[in-house]
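Let me begin by presenting the structure, written as structure tokens, before commenting on it.
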Amino acid sequence: MTLLRDLFSIVAICAGGFFFLAGTVGLLRFPDMLTRLHALTKADNLGLGLIVLGLLPRVGSVLGGVKLVAVWALALLASACVSQVAARMGRLRDEP
Amino acid sequence: MSLGLDLLLAALMLGLAGWTVLGRDMFAAIAAFIAYGLLLGIVWVRVGALDVALTEAAVGGGVTGGLLIAAWARLRATAMVERKAGAGLAVLAALASLGVAVLLAAVVLHLPQPAPTLVPEAMANLAPTGLGNPVSATLMAWRALDTLLEKLVLLLALLGIWSVAPDAAWGARPAASVDRDGALTFLAQFLPPVGVVVGIYTVWTSADAPGGAFQGGTILAAMWLLAVRAGLADLPRVASRWLRLALVAGPAVFLAVGLAGFVLAGHFLAYPEAVAKPLIVLIEAPMILSIGVSLALMVAGPPVPKGDA
Amino acid sequence: MTELLSNTPGGTLLVFALVVPAAGLMLAFLAGGRAAMRVAFAVVAVQLGLSIAIARAVWDSGAALIYLAGGWRPPLGIALRADGISAAMMVMTAIVLAAVALYARTNFSAATERRADLTFWCLLIALSGAMNAVFLGNDLFNLYVALELLTFVAVPLVCLDGKPATLQAALRYLLFALIGSVLYLLGVALFYGAYAALDITLLRGRIHGEPAAYLAVALMTAGLLAKTALFPLHLWLPPAHADAPPAASAVLSALVVKAKFFLILRLWFALMPTLAEGPGADLLGALGAGAILFGSALALRQARLKLLIAYSTLAQLGYLFLMIPLATGPVNWLFWSAGAWTGGMFQAIAHGFAKAAMFLAAGLMAEVAGHDRIAGLAGIGRALPVATLGFALGGLSLLGVPPSGGFLAKWLLLTASIAEGQWWWAVVMLIGGAMAGGYIFRVLANTLADSPAPLPVAPRGRQYVVLALALCSLALGLLPAGPSALLQIGRVGP
Amino acid sequence: MSADLYGLCGAALVGIGLYGLIVQPHPLRKILAFNILGGGVFLLFGVFARRGAALSLPGDPVPQALLITGLVVSFAATALAVALLLRLAAETGRARLDDE
């Protein structure tokens, strides 16, 4: 059981790390602002979600788990809103 | 494994610091500095300083980064010509800096083993403070005088920032750049209630766990600035009595409780053992408000004449 | 003599010397407008009384006063400590601040709240607290916070009038001050890392010549030198001091730089008393000598009065540093070492009074003449007879004419340097005195000249403030032996 | 072991910051360099706290508390420097420390 739980954590966290890496490569390699934002937010939100998922079975308390999920939810919310604002600012600058 | 992580963190920090100092583009330098602040936050966790990690994340990378980016945006309009320093000066500076770094490194590696520490004294004196977190006990009890003076530093810094305003602007509000974007409005409506809860929790929990008035106050300041940015809240006029009351409330209560210590516990800034914790909470409550308001206004900058706001 | 770190009778006074300005600052900021000025006057008056009470208590007990904040004993807690030199400097600070407040009433008292008014009065109150925090601190980190308080007071004072040149001077000053603070803090960190204590008295017992302690003191001294503007780290000082409003220049030149020098004394005599016998002390002395010659030479060449006074501050700071190589040796063993100690402190105090008087006089002269070009000051002596007399008396104290406090200071330093066989310092002091004579005489010759068109005679009120400060500087030389014995109380030696 | 590593890192950061403060002429750069230098000093403080770990504590709480105070003061200094710089730039159209 413990082995299964550890295996789940390892797989989920590694997958999360992979998405973060992919998002960062996208940020550096994609041609324009919108695609970069796309790579960054999509991949990073998924990556963070996977890491949180991987950590959940390892938290001792329910409150700890709720805090972890809240972290993910807040990150989702912030990145969605901020990338929206950033994209609009970028367009305003490019097409005056 | 963990040494590998520490090596990576240290190498990244040095690289980012080098970029901040030497990088050609100013904006990239600021971005590198913000990343440096975030990494430093992780390093604090690595060296077992969780309270510091929270402060660093809030202030070092966060508010300082925002402040510098805002400054960069305003300075872009001015001539940003960066002249290079002369080669002679650069060589001298390099030698001097290298010398200091090498001497420091040598001293750090030869400090006494086992390291001197105040942990035993701290643990022996923790009970009378009514707190479980020795960092909070240091700030609020053993070295409360430092903390009180630091609050005055904050007040003076804000007064100093206001004092560079043009004469005509006195009494008016700081400039607020408003961005009425739908998504931002939504964020500014949804997040502040959550942020206020988190901020107050950060202070409340600091009695026994990492956290504190400064970390909590920073979160409140961020929430306020977010609402201002979205056009949902106004910055106050610097002449406002309410504003000034909010700014001095924290240090004033701190000072009053400190003076009450003469009567209650026989010393300035001492708390009677039975009510130490309630008294510290009494100080911290207005302190979150004062810190949050001062930080937000320090980032907002000096007041501007009415027409320019 | 080892001191016990526990509360002494009268120690509570030390708390009030910090609490009164802290409460005053908050009250003035809250009330704003003219009320801020009234609060400032109340604070300045109370501080004058408190500092005299502290000096009396030190004198009566013959030992340092100590107060443990919160009752917590160092190394965990913070101790406040007032010895003879703290008490003397506190009294000088309180007198100068009171005089400056009286002088500034005319400039900063509009009926409705103005930017410069509120800032000035709040900063004046804060300065009183910050100076006392430096004089009373016995904990290296507490002193760091006090130093930062001073920085945040001094920088806005420099650019109080908001002109671009003063903003630039303030920014440059701030950057210098920040380098200084961060180097000081680095030294504090090293001390903690090596000894897990920050209290000066505790550390003195634990330091036995470890490299960490030497590096720490070197870094802290370098930082403080940048903040004191000792030659060759002086570049920020003249523009910062000369372009501020006269009341601000007076406190910056008379008080703020002294606080940093005071900390250097703490490091070199209270923290590591063996240092002053080593080559480092001679280096500091040499820098001081350089400052005397260089500052005086530049003061001679200035066309503007306030710049001349600012450069003379550079030179006079140099004399302070001469006391470091001279005041060595076991306390009370070599009488000339005690003499050099007294002389140095007399110099700090006499210069404080004299320089405040001169800057305030220069402010009045600029108000009457509309400028402060020395060549155009003819007729000022007639328009401002009392202030010109104050300026002249302050100047005489600077050049060390008997019976002024400056004379006593320089005489004591001179005898000590000859008695200890370090005659070269005496040569520098004599040359510096002659140069000071040159620049003071140049100003007086111009102000006393007849002007073609007589200037209006100015009201006397503020001129008497200038004269009173100059007389304080003068009276220091006439006092009986009491003060010099006060300065030795609580002094520690190797 | 890792405390020594971060100690060396802190020493190097002090060197980098000091170099930037002396060499970079632009005030905003100087402010950045001051913060790098401050970070190095704070890191050394943190390392000394870590070395003092004892009993059940991961580090000595006293230097950790000093660090928090130091961070606050350093932020206040940065904010004041930025305000001065922006006002100077608004008045003169330039952001320089020297006249020319």
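Order of writing sets the labels: A, B, C and D. Residues in every chain begin at 1.
Here, a residue touches a chain if its C-beta (ideal position, glycine included) is under 8 Å from a C-beta of that chain, and two chains touch if they have at least 3 such contacts.
Bear in mind that the values here come from a model prediction, so they are computed numbers and not experimental data.
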Query raised in the report: Along the shortest chain of touching chains, how many steps lie between subunit A and subunit D?
Result: 2
Query raised in the report: Measuring from the mean C-alpha position of subunit A to the mean C-alpha position of subunit B, what distance in angstrom results?
Result: 27
Query - Distance between the centres, which are taken as Cα means, of subunit C and subunit A, whole angstrom - result: 57
Report task. Measure off the straight-line distance from the CA centroid of subunit B to the CA centroid of subunit C, and report it in whole Å. Result -> 31
Query raised in the report: Listing for subunit A: what residues touch at least two other chains?
Result: none
Requested in this report: Spell out, as numbers or ranges, the residues of subunit B touching 2 or more other chains.
Outcome: 100, 104, 108, 111, 115-118, 122, 142-143, 146, 150, 153, 157, 160, 164-165
Query raised in the report: So which stretches of subunit C touch two or more other chains?
Result: 75-76, 141, 145, 148, 152, 155, 159, 162, 167, 186, 190, 193, 196
Report summary line: Contacting chain pairs, sorted by label, are A-B, B-C, B-D, C-D
**Report entry** Contact footprint of subunit A on subunit B as seen in their complex
**Finding:** 179, 181-184, 186-187, 190-191, 194
Query raised in the report: Which subunit C residues qualify as touching subunit B in the complex?
Result: 12, 15, 18-19, 22-23, 25-26, 29-30, 32, 67-72, 75-78, 113-116, 118-119, 122-123, 126, 129, 133, 141-142, 145-146, 148-149, 152-153, 155-156, 159-160, 162, 167, 186, 190, 193-197, 211-212, 215, 219
Query raised in the report: Okay, in this complex, where on subunit C does subunit D touch?
Result: 75-76, 141, 144-145, 148, 151-152, 155, 159, 162, 164, 167-168, 170-172, 174-175, 178-179, 181-182, 185-186, 188-190, 192-193, 196
Query raised in the report: subunit D touches which residues of subunit B in the complex?
Result: 2-3, 6-7, 10, 13-14, 17-18, 20-22, 26, 29-30, 33, 36-37, 40, 43-44, 46-52, 55-56, 59-60, 63-64, 67-68, 71-72, 74-75, 78-80, 82-85, 89-90, 93-94, 96-98, 100-102, 104-105, 108-109, 111, 115-120, 122-123, 133-135, 137-139, 142-143, 146-147, 150, 153-154, 157, 160-161, 164-165, 212, 214, 295, 298-299, 301-302
Query raised in the report: Given the complex with subunit B, which residues does subunit A contribute to the contact?
Result: 74, 77-78, 80-82, 84-85, 88
